[in-house]
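Given below, in the form of structure tokens, are the structures.
Okay, so chain A shows up in both of these, paired with chain B first and chain C after.
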Partner chain A sequence: MGNQKARAIASVLIVVLALVLIVTGVVGMSRRATATGEEILTNMRTRAVLIATGEGAVESYVAIAADQAREAAQAAGASMSEIREAVAAAEEEARNNSSANLLDYATADTTGLDAALSTLRAALMDYRAEEAAAEAAYVEQMQATAAPEETEVDTSQLTSEADLEAMLAEEEEVEVDMSGFVATERMNELRAIADEKYAGVCTELMALYDTLDQAALDTLEGTIFDIVSQSGDDFAREYDRYNAAGGAAALSNRFGAWVIRYGDDLVYVGVGLILAALVVFFYPTLVKKLGVPRMIIGLFFVLLCVVALIYDLSLSGLMSNTLVRMGMNSILVLAMAPGIQCGIGLNLGLPIGIVGGLIGGLLAIEWQIGGWLGFVFACLVGMAISAVSGALYGMLLNRLKGSEMSVTTYVGFSIVSLMCIAWLVLPFNSLELRWPLGTGLRNTIVMSDATSFGHILDNFLSFSIGGFTVPTGLLLFMALCCYLVWLFMRSRTGVAMMAVGNNRRFAEATGVNVDRMRIIGTMISTMLGAVGILVYSQSYGFMQLYTAPRQMGFVAASAILIGGATTSRCKISHVLIGTFLFQGVLTLGMPVANALVPQSTISETMRILISNGIILYALTKSGGEQRA
Partner chain B sequence: MRKDFRTLMRDNAVTIMFVVLCLVAFFLSGQSLGYVAYELFGRLSRNAFIVLALIIPIIAGMGINFAITIGAMAAQIAALWVTEWQIPGLGGFAVAALMTVPIAALFGFLIGKLLNRMKGQEMIGGLILGYFANGLYQLLFLFIFGNLIPLHTDGLVIKGSTGVANTIDLNRIQAALDGIWRLDFNTAFYVCMALAAVWFIVRLAMKKTSAKSGGISLGVLAAVVLIYQIPAIKAGFATLRIPVVTFLVVGLLCLFNVAIMRTRLGQQFRAVGQNMTVANAAGINVDRVRVIAIMISTVFAGLGQLIFVQNFGLFQTYGAHEQVGLYAGAAILVGGASIVRATNGQALLGCILFHTLFIVAPLAGTNLLGDAAIGEYFRVFISYGVIALALVLHAWRGRSEKRDLRALSEKE
Partner chain C sequence: MSAEYVLQMKDITKRYGENTVLEDVSLSVRPGEIHALLGENGAGKSTLMNILFGMPVIHATGGFSGTVSLDGAETHIQSPHDAMEKGIGMVHQEFMLLPGFTITENIKLNREITKPNLVSRVFGKNLETLNMKAMAKDARTALDSVGMSIDEYTLVQGLPVGYMQFVEIAREIDKKGIKLLVFDEPTAVLTESEAEQLIRVMKQIAATGIAIIFITHRLDEVIAAADSVTILRDGKLVATRDAKKTNTLELAELMIGRKGESMVTAPDRDKPHGDKVALEINHLCVDMPGEEVRDVSLKVYEGEIFGIGGLAGQGKIGIPSGIMGLYPAAGEVNVFGAAHELGNPRKSLENGLAMVSEDRRGVGLLLEQSIEDNIVFNAMQIKGEYLMGIRLLFSLRDSRKIRKVANQMIKDLDIRCTSALQHAGTLSGGNQQKVCIARALLMRPKLLFVSEPTRGIDIGAKKLVLETLVRLNREQGMTIVMVSSELMELRSICGRIAIVSEGRTVDVLKATDTDVNFGLAMSGIRPNQEGGSVNG
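Showing the complex of A and B:
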């Protein structure tokens, strides 16, 4: 009881804190567009410009002093080293003098400069908008002309998943060579206006810095333009830029400005905290319903969302990626379901089905069957192969009741390494599949959109709303497969199969043919594995051979376990929830990890920990049951 | 006699198959005996210890302890710090060994606790636990060592990247153990043979063995010595130099494995391995015994990995431990062990056969099919396949035994 009270108090405290943060954040954000926000930015902008020009002024002053010293020394007929010494001494002196004599920022009257900068900024913003529009038009035009040219991808050097991942990200934005871009007339006009305004700023600046000359100001023009305005400016970006240029010193109320700048982040943290408070409050119920690891992963997902928002990563883009990866992996995860339901537990021998699917895909490419026909052909061939291997595999498993998991793992591993040899010796001829020199098939086979069935599901009826792309076809296919499996589970055979999975002895007693049901379940699981890898590959754009399928069984198993399945019970909802959570954590994890620790592989480490941790957890839960 | 032969064939199918495979691959590879012997002794000195570390958990009924990769990780942590402290030679090796023992013991304790919660699934649990620990290991080496805990020795941390470098150079303790005392093969061979002869004679004299089997043993010894006299064979082994101390350490571990089975603890291992329920009823603390078995195995695996890396003089920071469990497990099964029975002899024989195949398979693949990669994949396939086969055979046998029992009871 006392425990519950403590939890209630803690959650109330967290909620209060969260509300304070949210209110502060909302107030802060609402003040961005008001006079206060404007004033903050104006002050910072002026200070940033003053600091930048101040440095420029010092440099020009120093340069003049150095020149004078050199001339004087040369006139006196000094040797080279003496000249150098004299110049260095003069530079040093000039630097010290000017730094001391430079403007006192706090007392200087900057009202004129403020106004001049504001007009400059307005003019520059017009210019930048025009520039962006013109560039976009140019890129579009260039892409239209360059599109038929298929970019040849050299996959020979890509080995790790990370490389492919990086390539996948790049693929979206085709680089357009901007060297041919010429400024439009309208841009030139706007630029001239901006230059005019800059002249006004120069006058103000020269009034403040007496050492500053026009030449120095001309060289500073680019710097000042970049400080004052950049394309895509909003409050946060402007604030950050001025802050980086030292503008924060001009603020009288730094904390207030900070609240306004980070108002949105405060709101995000507040929302996150409210969720945390809910978790604290309903902790026992949640643990009972979800189990500790699932709750941790769920919370981790929310945390990643909040951090992604704080780092201003595009959450809609990330969510759209998550959706793609969910669809891409869902069939493989779905393949776990019949295995669990028919009582063989986690089908870690999934690579057996995957290999069948890969052969189907390879045949489609070899015989150049592209498009929908190719996909259907590959699926049918894959399912046919997997039906046979699945049946054999099921018969093997029937002789090993009770120790399926370790055997399936090693049988799967053996098949994958046996297929490694097969990939080397199978008589495929297409150069898309083979190495041009040397023997065997390539490690990663590109599935082009044009000649093969790359992205065929992803692109079917896909649409995007503001950066959020919905891969309609992929999701429809996922839904279709899930529906079919769901339907099967409600058929006579399906019900009998579930009975076997739930309680073998009971099913046996009621006259169900246990061995036959287990073979059917294993076959369906293996066949879904074949379809799953094809869906995965078409979405990925690559087929991965050799050792790549080895760990896929583990990934699929961990996803369904995260969704709430155990080694003996699962539902379709577990498949969907699990795939979404697992892929969501991975998709969000990579950019967030890179934002926190640049250039790190921490997201890969995270994948290993989550994926294997959840399987271990499931094993500790199942071990006890089996002994009992 | 005929039935004996058939049982022998059936019970040792894997080993016999492997002997044939090794012979075929050896002839296909076209390598000289000398080369194979040279490679084999190198590999034996590196790997035998770690294979022997698998025996106790098998006896204690926990199957092949694939979590020995975690022991290897403990050794690599120790090796990293010895490199950081720049302790050279045997001293460095000793410090690393002293560090490995407590770290590996702690890891082993945790592994044992976890495996106790998944009784009956220890092997798959150990395998996945190894993967999981690999994630923690990466976390440790990429983000803690070199960042939170700074490292100062050159080459341990690469500037501009996070974490410990991909390869750790152990040249300070390279061959620290191997190099203490090396004997040429000729001398070592005769010394071994003489010791074996003395051993058999003593046992014969003490009437521990029958005259017949003693005679056979001595005869085999004599035959081996005679075969060795063939000049071609003698020449093949002539260039070998045996790292005596390393093999002595391996021998000590064999003695330990034998000796511990004569103690109370050893009997408890056996009791727990045969039947946990009965052992529990007999007043044995089953969980505790299992934890001890895993701890011993993990510590020995750590020391074994230390022997391995000192032989090489460097190790791949993020990869050296990954295949340890697979190769050691496959090796002991090849020697004729099952997942419930294993002896020193099986471990050593398996080690010899498995590594012979490892040496000759790529070359055989090149000669047979014109591609070394085939041989490479073949030996990986063999490693996994042997384990899968052993598991299948075991499950099969268990079932048929049960069926026999049931049939027997029904008859009664």
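Showing the complex of A and C:
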């Protein structure tokens, strides 16, 4: 009871903290649009501009001093080196003097400049808006006239998934050559107005800096324009920009401004804390319902969401990516289910099925069967091949009962290595598949949307709501497969198969043919592996041969274990939850890790850590199933 | 050896939770005495020995009350190692020998004689060289004292079972300062001549002043070897007798006894059973590890409750398991006049046989599945019931029908559970047993085997399970063969009871037969040919 009390107190404290954060954050955010927020921005803007122009002023002051020194030295008839020294000394002196005494920011009267900058900003915003509209129209026009060229990608150099990932991201942004873009008339008008306002600003600036001349101010125009306004401005962006330009020094209440700037982040953290408080409060129930690993991963996922929001990453985009990745991996994970249920445990020999599916896909491309027909054809061929190899594999496993885990692992590895030879010697002729020179199949084969069945499920009935794209076809196919497996588990054979997995001696005592059930389970698992890799490839847009399938069994195994399955028991819900959590953590983890530690491979490291760690955890559990 | 008793255990009481397994048991052993400890399975012999050896299981479950004295001084034995230090040795029933080591190495294991060498002088005692010569000499002495002429450098691997037993004894004797040796059913695995030799060795050892506690259930060996006998029954001390002043009949009666009133009584019938033979077993052998059936012949008549009794490990459980096809079996079995195929569980079930297994968690249940799935499993798999859709081609479980029958069974058998969806693994033992019975009943069997139906379940559930069996027999005329270690249970509901010893039927007794007859039969002696055992 004492424990429960402590938990209650802790959770209440966390909730109080969270509420404080949320209220502060909401208040801060609400003040952005008020006079307070405006004042903060105005102050910072003015200071930023003053600093920028101040630097310009110093430079012109230094230049004058240098000229004077040179002339004086030349008049004295000094040698070249002496002149150079004299000039340097004068520059140094002038810089030091002017930096210190140029302007006392705190006491200077900037009211006039404030007003001038505000009008300039208003004018610039009009201009930027027009520019953006004009550019968008131009891009649309260009795309309409010129059909998008088929971009030839050299995939030979791409090996790791991360590379492909990066390439995919690039591919999504269609690049239009902007060199032909000409400013519209309206833009020119608005620009003229902005220039006019800038003249007002110049007057104010020259009043403050006596050394500034018009020429220096003309060169500073671009810099000041960029400081004052940029397209897509909001409070946070402006604040950050002025802050970077040194504007924060102008603030009288820095903390207040900070709260207003980071109000949204405070709210996110607050919401996260409330979730944490709920977890603390319901800890025993949650652990009982979900189990420790699922809870940890779930919390990690929520943490990633909060961090993504704080770093202003597009959460809707990441979520839609998660959904796609969940769909593309789900069938591979689903393939684990019959294996577990028939008692062979984690089917780490999944590459056997994957290889079958790949052959099906290759044949479809070789014979140029595209679209839905191609997908169905590839699935059928893949399943046929996998059914045969799955049956043989099942017979092998029946002879090695009790050590399935190591056998499946080794079989998986061997088949991948064997197929590495096969990919080199199989007589495929299509140039899409073969290396341009020499023999053998490519490492990575592009599945184009047009001629093959790339993205055929992803694009089917897909729609998007505000940056959140729903791959309807993919999700429907996932649901269909899950439903079929679920249905099978309710059939007479399915029930018998589950009994074999659950308690082999029970099944034997009831006259169930244990070996046959295990073979059936292995076959279904392998066949699902074949369909799974085709779904994966079509969504990915590439088929990966050679060593790529090696890790897939492990990834699928860890996903289903995260979902709550054990090595002897699993349900369809475990497949779905596990795939979502696993892929969600990876999808969010990559950009978040890159935001935290730029230019690192930490996300790849994390993926390996998570997937292998989960398998290890599950193995420690699989021995001790005897419950008191 | 100044004290009168080398070991005195006084007023030992041990509880496992609510369950009292030993109550006020006292045991006193004189130096140089062979003291037999006698009792049925579950009488408390092993618990008493666990206490003597300070086994962790005792400490982990709350310890015990009472005192243990060695040589007159009260001691607390903390662990088996502590017991060994204090001069108590054990000869195990299952041999604790390393097969790949020689006899000498086994005897001297962990007590090796060593001599220092260069490395050990630097790195410590653990790296000293073994003094094989001295070890072999010690081993030779120990082997000689148990009457074994075998070479001390022979590998244990491949030795005859009897030899291993003697090596084990030699190891215990070799321990310095040994005062008390416990022999846990040493003759169970020995041939007759080996058993005789063992008794001779025991007497030799005792003559050197070492006391021996001899655990057994063979009454004639007790008379032959022991000086005094302590008999336990149901965790209570029944009697301590001088072996010379008693006989097997008295011991048998003391061992079995009438344990109070029976819980369940089956109503008497004019005619105990029909005339038709329901099950005829001729020379059945079953290869079930630990429960081997060597040669059993029985006849069970239609409509009776037939009991099979005997001590643990004697093969009674192997009989139903063998007939149902769970273990390889040979012999001739007729079910309702038709020849029965052995080794095919499915055929057995299809032929109207059903079995409630003694190993509920291992064989009897799908622990991680719901009660309803457990109950209908056999009916669904064997009879194709509780399915919907097109038969054989595409048939799904019929959830509604399954739920209905499961709820009916839960009500009929009073299965205590939250719902039909509760996992079988989370039920208590008694309720798990009821689920097993429910599954067997859905098969509507003509002949039901019930194996150890009351093992590990509480007294209320026991009563209910037994009453259910009686009701099925009386109301539906179901023929029931019940296998149980609890003689009391068998005698309360069965008409006739076969007693099995060492894989053979000793005799078929009536429930009303005397305790003496049951006691003798349990230790392998056929009552009507008093004095000599059937199997020698």
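Operating definition for what follows: the second predicted complex is superposed on the first by the 620 of 628 C-alpha atoms of A that agree within 3 Å, B and C clash if a C-alpha of one lies under 4 Å from a C-alpha of the other, contacts with A are read in each partner's own complex, and residues count from 1 in each chain.
Assume a contact is a pair of C-beta atoms (placed from the backbone, for glycine too) under 8 Å apart; a residue touches a chain by one contact, two chains touch by 3 or more.
It should be emphasised that the depicted structure is a prediction, and the values quoted were computed from it without experimental measurement.
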### Message
After superposing on the shared chain, does chain C or chain B touch more chain A residues?
### Response
B
### Task
Could you say whether A:V597 touches chain B, chain C, both of them, or neither, answering first, second, both or neither?
first
### Query
Thinking of the overlay built on chain A, is A:R569 touched by chain B (first), by chain C (second), by both, or by neither?
second
### Message
Just checking: does A:I615 make contact with chain B only, chain C only, both, or neither of them? Give me first, second, both or neither.
### Response
first
### Query
Which holds for A:R492: it touches chain B only (first), chain C only (second), both, or neither?
second
### Query
Which of the two partners, first being chain B and second being chain C, lies in contact with A:S406: first, second, both, or neither?
first
### Query
Does the superposition put A:T510 against chain B (first), chain C (second), both, or neither?
second
### Task
Determine, under the contact definition given at the top, whether A:K5 touches first (chain B), second (chain C), both, or neither.
neither
### Task
Answer with first, second, both or neither: which of chain B and chain C does A:N502 touch in the superposed model?
second
### Message
With the touch criterion stated at the top, can you tell me which chain A residues are shared between the chain B interface and the chain C interface?
### Response
627
### Query
Touching chain A in the complex: which residues of chain B?
63, 114, 117-121, 123-125, 127-129, 131-132, 134-136, 138-139, 142-143, 161-162, 369-371, 373-374, 377-378, 380-381, 384-385, 387-388, 391-392, 394-396, 399
### Task
Would you mind writing out the residues of chain A in touch with chain B in their complex?
348, 396, 399-400, 402-403, 405-407, 409-411, 413-414, 416-418, 420-421, 424-425, 439-440, 554, 597, 599-602, 604-606, 608-609, 612-613, 615-616, 619-620, 622-624, 626-627
### Complex interface listing, chain A residues touching chain C
487, 490-492, 495-496, 498-499, 502-503, 505-506, 508-512, 568-569, 627
### Task
Spell out the part of chain C that touches chain A in their complex, as residue ranges.
324-326, 344-350, 355, 357, 359, 362-369, 373, 377-378, 380-382, 384, 387, 394-397, 425-426
